[in-house]
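Same chain, two partners: chain A is paired with chain B first, then with chain C.
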Partner chain A sequence: MKFRAKIIDVGCLNHFTRVVNTISKLTKTCILRLTPDNLYFVLSGKISSGGVSMWCELSQANFFDEYQLEGVAPDANEICLEVTPENLSRALRTVQNAKCVKIKLTKKHCPCLTFAAELPTLSSISRVVTHDIPVDVIPRRLWQDFKEPKMPDFDVGIYLPPLKTMKNVVDRMKNLSNFLVMEANLNGEMNLKIETDLVSVTTHFKDLGNPPWGGDGSQGRSQSRDPELMAHTRVDIRKLQQFLMGQQVNPSKAMCNIVHKRIIHLILLHEDVSLQYFIPAVA
Partner chain B sequence: MSLSTQSQMVEDNYVLVASLDNVRNLSNILKAITFKDHAIFNATPNGLKVTVEDSKCLQANAFIQAEIFQEFTIKEESVGFQVNLTVLLDCLTIFGGSTVAGVTTALRMCYNGYGYPLTLFLEEGGVVTVCKINTQEPEEPIDFEFCSTNVTNKVILQSESLKEAFSELDMTSEVLQITMSPSQPYFRLSTFGNSGNAHYDYPKDSDMMELFQCSETQTNRYKMSLLKPSTKALALSCKVSVRTDSRGFLSLQYLVRNDDRQICFVEYYCCPDEEVDEE
Partner chain C sequence: MNCVVTGGNVKVLAKAIHSLSRIGDELYLEPQEGGLALRSVNSSRSAYACFLFSPLFFSRYTSPCGQAFRCKMSIKCVQAVFRSLSSLEKTVEKCHIELDGDKSRLTFTLHCKHGLLKTHNLSFQDSESLLAVFDKDSCSNVLRAQPRLLVDTVLHFPPALEEVTLSVSGERVWFRNHLEDEPEQSKAMLTELCLSSDEFDHFAIGAQSSITFCLKELRGLLVFAESTGLPISVHFDQPGSPVVLSVTDSVLEVNFVLATLSDDSNLRNHNNNSTKRAQSPPPPDDFMNDDIDSYLIAMETSDLAGPPDAVAPRQQTSSRTPTTQPPVADHRRESEEEEEEEEDTERPPNKKFRSLFFGSVCPNDSQLTNQTMKSQEVLASDSEDDTQSGCP
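And then the complex of A and B:
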């Protein structure tokens, strides 16, 4: 088992940092899955995390100048680690102007991801800052928990409005209520609703457009659907707020799939990063 | 049901409709009096008066004249109701209360009378939010019987000068003592805190002093905790009038300019904490 990678380009470093920051806003711990081509940050919907799951996929070639991986076995060429994203984010924060950052899986007192950053200096003596971040190696028998979640058989898929607008609205609604109903139809309309003893608030978004999920067979349910008919799901408003708060990636596309009364599936696409986030319904 | 028909139905039976192109002209001034949840709204053809009270010792009123609104239609002589002000403010700032030039939230506020919710339609950049805030029967605001004929001392200051003093006030002091006098020290704010006593004196011929009308020496103490909320109004205002009457009641009137440079007023009344023996 061996992993080492190197970032030289400052743009890549910034971008990688933003992704890690985003992840750290969403969860305290998660799984980092390393494969020869990709890195994945994975959170599987455990009850302890409120049933939320996350799947974030990065193509290694777009971030790293060097990338070497030897998995646990020839027939399973990958490594699965449990990490605390906040620790990664903190390490990256201090190495923002580094000339290069090396990331290595090491064995110190315990398994660690070691970040070694070479900082710029005026003299000829180099300065190197090293962060050892403890991780847990996940044994192979548990890997099945961290497979890519299947796209649910959703009722309505819709493009999200600007995330900043959505965040403002959700922030205020969070002050008023613990739960929020998200509803959308195939006519490009989405509503966010709360209702309490004191107040009911509905924000109406329109002309958002519905993504053309053609050809992958997962859209069976939505084909014959009345375009005006809303699919809705009631969720814990904090989970949605968390998702909106962490957004530092500036996605080129943001979408949401709603399985009526079951789950909302949020997807952010960036050219080399994709983030999926699943929030289950509450009764 | 489409939004316009919803709005239409509400408006058919309204007793009060008020519209603003920029919701900040209402939300900002309401923030200046937000220290308790319950706010009493009283609308008359002249405009809207919003009252908040604390412990029967403090009262804050915000006045938004009818002219501030782009539309202000009222079908009765006076319309009153009570709502939760914190909830109202969250609704009014649902789009974040952006201060970016050119981005404003428009508001249409409708009330159908006793027993109906206060309905708000807010719009920013094509996104519409509809809020229905439950209303309660309005309580009668306390009459502090503060009338201008009983005013003994009055000063009008540029808010700038008072902001400075208030930002440096020793908040460990339980009371703020205000001395107003036709002779030295003219206008003095005093605190008695953990680290000692402090006095802030304003000479009567200061540039900051727009008006100085003191007929007798008066020293009164006011609970710091009661005066604290008024700093929100002070922060927004450009001028403040400080008055005390023969009973030692304090009136603070703030002149506030909104985003469109129009003038609104916020006033605070506060009971004195205790009599101070004059020597």
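And then the complex of A and C:
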């Protein structure tokens, strides 16, 4: 089991840092799955994490100038680690002006992801900073828990309004209620609602557009649907807020799939990064 | 005492007060012939700071003639006088400090723009002299660096980190975070920064050494040094003897004396870390080495189950360190120490900082005769004495 990667380009370093920062805002611990082509940050919907799950996929070639991986076995050329994204984020934060950052899997006092950065100095010799971040190696028998979640058979898929706008709305609503109802239809309309004994607040968004999920069968339920009919799901407002607050990816596309009364599935796409976030419904 | 500070020096004085406030709760003030001394010490007496402003620092300075006068007051009150550093810089033209011994009042008068006067009358208590005993000139290792270098170094460590280990050997300096013996240690992130001697203004290493001290006070001094742009000198010896951080200029002298962890606790910490890491600094050119096989580390998942084998490295380190105790005795002593710590919950922090001022620095007793608390061990008394007399 070997892993080594290197980032030289400052743009890539910056981008990678933003992705890691986003992840660190969403969860305290998660799984980092390394494959020859991709990196995945995975959170599987455990009860302890409030049932939310996350799947973030990065294509290694777009971030790393060098990337070498030797998985646990020839027939399973992968490495699965449990990491604390906050630590990764901290390690990356202090090396933003580095000439070069190397990430490698090492065995120190325990298995570690070691970030080694070469920092520029006025002298001829560089300054070198290393961060050893302890990780847990996930044995192969548990890997099945961290497979890519299936695209749910959703009722409505919709493009999201600018996330900043949405964040402002959700931030205000959070002061009034712990739960939020998100509803949308196939006519490009989406509402964010809260209802308490004292007050009902709804924010309406329209002309958002519905993504054309082409022929992959997953949109079976949405095809024969009345475009005006709303699908709605009630979620923990904190989970949604966390998602909106932490994101630093500046997605080129942001969308949401709603399975009526079951789950909302948020997707952010940005060139080489995709982030999916699942928030379960609460009764 | 009667003195006046003008212009940019008001800010220097304010920064000094803020730096001192990172050390202790009380400010010891002593006007002397040679200038005004401001001092502070922390509650466990493991950190001490002294700012000595020479008479030239002031536009007017008169010290009390005759008998020496010393007083102390709550540092928070003095800090309140210089609360907002930014507005201070813009508005205060002159600061007048006057000590009225008869009324027991220390008066700070800030002369601001537009003729505005702000007067703070502070009460004080008489106090003993506060003087740390240290001799930075006898330290075998001296580093001097621009504050920026140390600020950039400290930046890599988390704000919550308490102690940092500084190691020197050959042409390099390492900073790494020091971790207490805790079960969760395996979950803690280790950070290490390697600096080349070129980055220091002065680099004189007499003996390879590795010391551990508190980061908080260093950060405090950095606030001061960075604002004044003055280089910081670090004087140190072996683990257990204090490190002296100093900043000097023609009109002021600053010394921060910090306790360092004594050797046996250092050793213990090292044993829990990887021994390679602790004992010998990693090969300097590790980073430049691009031969993948030389540092990719093969791991088997099955190996990870058991705890790391701590026995072998411990013996190794014991024999390598200049200790008079045979390794076995060392084991026994350490385990006894640990037991004691569990029993004695009243002891302050269970760290092994050896007291700074009292005996550990100056072995020569004659120099200490005027020290009231000559050989007192203040913090976490060195348990060697207890155990040696206690065991059969």
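As a working rule, the second predicted complex is superposed on the first by the 283 of 283 C-alpha atoms of A that agree within 3 Å, B and C clash if a C-alpha of one lies under 4 Å from a C-alpha of the other, contacts with A are read in each partner's own complex, and residues count from 1 in each chain.
One rule holds in what follows: contacts are C-beta pairs under 8 Å (C-beta built on N, C-alpha and C of every residue); 3 or more make two chains touch, one makes a residue touch a chain.
Here the structure is a predicted model, which means the values were calculated and not measured.
Trainee: Look at where chain B and chain C land on chain A after superposing the complexes, then choose clash or fit.
Mentor: Pair status: fit.
Trainee: Which partner chains sit in contact with A:L69 here, chain B, chain C, both or neither? Use first/second/both/neither.
Mentor: After superposing on A, A:L69 lies clear of both chain B and chain C.
Trainee: Identify the partner contact of A:N87: answer first if only chain B is touched, second if only chain C is, both if each is, neither if none is.
Mentor: So A:N87 only meets chain C here.
Trainee: In the superposed arrangement, does A:L34 touch chain B (first), chain C (second), both or neither?
Mentor: neither
Trainee: Touch check for A:L244: first (chain B), second (chain C), both, or neither?
Mentor: It touches nothing on chain B or chain C.
Trainee: Once both structures are overlaid, what angle do chain B and chain C make about chain A, taking C-alpha centres and a multiple of 10 degrees?
Mentor: So the C-alpha centres give an angle of 70 degrees.
Trainee: Looking at A:P134, would you say it contacts chain B, chain C, both, or neither? Reply first, second, both or neither.
Mentor: Only chain C; A:P134 stays clear of chain B.
Trainee: Of the partners chain B and chain C, which touch A:E118 in the superposed model: first, second, both, neither?
Mentor: second
Trainee: More residues of chain A in touch with chain C or with chain B?
Mentor: The larger set of chain A residues in touch belongs to C.
Trainee: Using only C-alpha atoms, work out how near chain B sits to chain C after the chain A superposition, in angstrom.
Mentor: 6
Trainee: Which chain A residues are contacted by chain C in one complex and by chain B in the other?
Mentor: The answer is that chain A has no such residue.
Trainee: Would you tell me which residues of chain B are touching chain A in their complex?
Mentor: Residues 3, 84, 86-87, 90-91, 93-96, 124-134 of chain B touch chain A in their complex.
Trainee: Can you list the residues on chain A that touch chain B in the complex?
Mentor: These residues of chain A touch chain B: 161, 165, 168-169, 171-173, 175-176, 197-207.
Trainee: Could you please specify the touching residues of chain C with respect to chain A in the complex?
Mentor: It comes out as residues 155-156, 158, 185-196, 198-199, 272-274, 277, 286-287, 292, 295-301, 304, 308.
Trainee: Can you list the residues on chain A that touch chain C in the complex?
Mentor: Chain A residues touching chain C: 1-4, 68, 72, 84, 87, 90-91, 94, 102, 104-112, 116, 118, 121-134, 137, 139-140.
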